[in-house]
Amino acid sequence: MPKIETFSNPRPQRDYIIRHVAPEFTSVCPKTGQPDFGTIEIEYVAGRLCMELKSLKLYLQGYRGVGAFYEDVVNRILDDLAAACRPRWMTVIGKFAPRGGMHSIITASYSPARRARSRK
Amino acid sequence: MPKIETFSNPRPQRDYIIRHVAPEFTSVCPKTGQPDFGTIEIEYVAGRLCMELKSLKLYLQGYRGVGAFYEDVVNRILDDLAAACRPRWMTVIGKFAPRGGMHSIITASYSPARRARSRK
Amino acid sequence: MPKIETFSNPRPQRDYIIRHVAPEFTSVCPKTGQPDFGTIEIEYVAGRLCMELKSLKLYLQGYRGVGAFYEDVVNRILDDLAAACRPRWMTVIGKFAPRGGMHSIITASYSPARRARSRK
Amino acid sequence: MPKIETFSNPRPQRDYIIRHVAPEFTSVCPKTGQPDFGTIEIEYVAGRLCMELKSLKLYLQGYRGVGAFYEDVVNRILDDLAAACRPRWMTVIGKFAPRGGMHSIITASYSPARRARSRK
Amino acid sequence: MPKIETFSNPRPQRDYIIRHVAPEFTSVCPKTGQPDFGTIEIEYVAGRLCMELKSLKLYLQGYRGVGAFYEDVVNRILDDLAAACRPRWMTVIGKFAPRGGMHSIITASYSPARRARSRK
Amino acid sequence: MPKIETFSNPRPQRDYIIRHVAPEFTSVCPKTGQPDFGTIEIEYVAGRLCMELKSLKLYLQGYRGVGAFYEDVVNRILDDLAAACRPRWMTVIGKFAPRGGMHSIITASYSPARRARSRK
Amino acid sequence: MPKIETFSNPRPQRDYIIRHVAPEFTSVCPKTGQPDFGTIEIEYVAGRLCMELKSLKLYLQGYRGVGAFYEDVVNRILDDLAAACRPRWMTVIGKFAPRGGMHSIITASYSPARRARSRK
Amino acid sequence: MPKIETFSNPRPQRDYIIRHVAPEFTSVCPKTGQPDFGTIEIEYVAGRLCMELKSLKLYLQGYRGVGAFYEDVVNRILDDLAAACRPRWMTVIGKFAPRGGMHSIITASYSPARRARSRK
Amino acid sequence: MPKIETFSNPRPQRDYIIRHVAPEFTSVCPKTGQPDFGTIEIEYVAGRLCMELKSLKLYLQGYRGVGAFYEDVVNRILDDLAAACRPRWMTVIGKFAPRGGMHSIITASYSPARRARSRK
Amino acid sequence: MPKIETFSNPRPQRDYIIRHVAPEFTSVCPKTGQPDFGTIEIEYVAGRLCMELKSLKLYLQGYRGVGAFYEDVVNRILDDLAAACRPRWMTVIGKFAPRGGMHSIITASYSPARRARSRK
């Protein structure tokens, strides 16, 4: 996967919300080998680092050939982005186009605090 | 009814939300014998198991010949899906097309905790 | 007024939400004698009884010749429906079409608990 | 039926288009006795007379107790309005609310010229 | 297939347009055996006969178990309805829900005149 | 300003919500003398009195020649209406049309309780 | 009425279309004395002169105190604007807000050629 | 490119319109190497052959790795599809997602007749 | 102004339509010095040359500091683009954001044939 | 940057909400030198001072030539406006147009209380 680049948060002392919406996401269904399409929404409160937009775009493009279930895709993106910019809080939402007359939305969140007390 | 198949939740340690929207639901009115149409929305937090999409589609198609009131349909779907994947929490919403100039929305939720302290 | 018929709640042990939306409501303005038009939305958690849809439609049609202010219409519907099916909780919303360049929305709720401690 | 009143066309020498849209129309189904609901749209080029709005509203309210098929309703309105104001051209469109999962739109036009060469 | 019933056109001397929109159409895919969903729109100028709405609804419900391609469905409906009411002109449009990330719209028209000079 | 008339609240023992939306509001900009346009939304829980709709319309029309800033207009309406019907709670929202490529929304609320402990 | 000012058409040798949309129009009903509200749309092909926007705005504001029927308002605006800038072609559309549950759209056009052969 | 499969047109004697809309198209920009996204709409009147939907989907997926300008993509699709099913008439429209704050729509049509008298 | 670059039309023998929509246009009002905002839509049938998108974007950005009336802006863009790529036909539409409660749309077209027989 | 002017809050004793929406914001990308476009929304509860609208417009226009990241733009606007009118609470939201197939929304809030206990 291409690496997420970062830049210094211009107001680290303030908890403000950054949201990026990427409607051109595509990956591959691991069962059928057919392409899946969807919109990825990322919302976070930065710590010391903000994610640079061009590298974020390239990172998401890296899924173009990857085969994975919706549930897996969203959790992997959340893990990778959280590792790259160490946010105070982050949510990733994947809204996928209809397959078999049904569409799916997956929503996963991360916060260091919540992580500590997570299930085992 | 066709059986709901499941696969292992890829992040069981995280409480994330999975939502499936099925706008092609049809059953039969038990009073008139006429077909009913609607959208079924399912939202849940998986435990160890996620519902597999194709089997979910086939399960919902199983109502094509079933005669049941809206209130009954939504509660039966909730019971069956909860039994199949044992979620941490689940909501089923049925939005039905107008009949006699009136349309109906039924919303039912399940959680093991809430179940324990439910009414008798 | 036509009588609201009921049937047994198929899951009385679960608190689930039933919502009916009736966009074809009409009554008469008590001041001008002109017809009023609106949408009536009813949301409730059933106790032992659910309201039967056809009788609900006929009940609402019963207002076709009734002269009453918006505020009165919504409260009377709420009182009648609550008396008929004794819900755990119920809300009635009336959204009325514009008159004199202004439109109105009236929202009234009922719950047995709240009723006990209501104003005198 | 209440009478359509008219006033002098302020620019009879110019062919301009007048359109009235009445979304609060209701009549009665001749088969079931149940109320029908719809929107009536009227478009015309006036000759010497324009239709007065309040009398047009009262005329359309006159259908509140009338039992007639959609096709009949629209043609009767067209005949009555055309007789009342003798337009150069007139179209009446009825857009009716869904019944049995199906909604209907009826469109009828009148022009003195076309009338002369109409079918027998 | 259930039979289309008709009633006498109330204004046969006028060419006016009747349009029925049925958003609850379902048939079966002949390749996969899976249900298809769509909206059927019918527009016609009646001759001596209008189609009765309830029988039209029942006729369209007759496709619930029929396996046929979209192109075939729309042409069969057009042929059957035109045979039943002998219109001056008729168009049938089928708008089908997405399958494999793609949705389809089929539009077929009939007029006795055009039929005479049709291809062989 | 025209006087707000009132009528007896038909259910004073119940806290229900009344909302009036008036999209035809116009006043005058005190700096430029140009007309301003907007929508006024009023939401309240009545005490003993409900506001009569026609007098409310005439009251709002009374601003047609008044020069005042948006912030002032909304607060004056709130003060006048609250004085006239002594509600348990009231909110007035003014949504004004764009000026200089920018539009404004002002929201002010009143409740007797909150009033007592208000800032000085 | 304030005067419409003009400026030289920058491309008089080309027939291009200019359209102005003014959603903040208000006049007075000549029967009830109540304000009317609407949107005025003006479309024209300029000859030697284009209408200046600020003077057009002030001209339309001039109707704020004028009592006139919809049909009259639209034709007067068309006559005044056409006299001021002598266009090759002009249309004025007035879309008025609902009164008595009905809204109206008036459309009038002008062209020097069509004027010559107009009715007497 | 995957091959377009066909089946026999069920009503070759009638000129009816078939439209497929594929909102999940992606190709690659030949200048930047970045993915492009868009919707491809195909409308045609079949001759003896209809295009089979699954093979059409696979054909369009074949552009996932292809580098080509928008104008080229749309014309190539039109050429390939027309060659495969020899329609009486066909139009292909490509609606591409924004790049550099600008989005593009390309529309190309084919008919055997028009082809004969085309430019050289 | 930045120069429009071109590339060879990939199908010069076919008359197909290219449309670019640029919603991020800004220029300066020549009377007030304030910025104007709008959307520029360009539609053309290419001759031998297509306009390259990046240079088109830069050309439109070139108006950021230019003071000109709406009517002038649209005609200048049309003249410049037509000179750069010599299309068979071209239309430019400018849709400008509201000023003084009024918004404007300017539409200008060019074709070599029509140019020859244009007014003098 | 142009200075924000203020006027006396007409109801300083009441906490009411003022919201301004400016959809014509443009700045410059510090990496590419290309213009960025967006909508700036400002919501605040005034203390003693309200922001005057014309000076706010001119202040936002001051960013037309400024190069800054989205995150920086929104925080600078918040700091400048809060310093100018010393609100009880303020939020600034920047909604930026798509770049590279992705759009961004930045939301930052200020309150004197929260400021005191902010991170260091």
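As written, the chain order gives the labels A, B, C, D, E, F, G, H, I and J, with residue 1 at the start of each chain.
Operating definition for what follows: a contact is a pair of C-beta atoms (placed from the backbone, for glycine too) under 8 Å apart; a residue touches a chain by one contact, two chains touch by 3 or more.
As the structure is a prediction and not an experimental result, all values here were calculated from the model.
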item	value
If a chain touches chain A and chain I alike, it appears here	H, J
Interface with more contacting C-beta pairs, comparing F-J to A-E	F-J
Averaged-CA centre spacing for the pair chain G and chain E, given as whole angstrom	45
Length of the line joining the C-alpha centres of chain B and chain I, rounded to whole Å	53
Centre-of-Cα separation between chain G and chain B, whole angstrom	56
Of all residues in chain C, the ones touching two or more other chains	23-24, 34, 37, 97, 99-101
Touching residues on chain I, where the partner in the complex is chain F	34, 37, 97-101
Residue ranges of chain A in contact with chain H within the complex	23-24, 26, 34-35, 37, 61, 64, 97
Complex interface listing, chain F residues touching chain J	69, 71-72, 74-75, 99-110, 118-120
Footprint of chain J on chain A - complex, ascending	7, 9-24, 46, 50, 53-54, 56-57
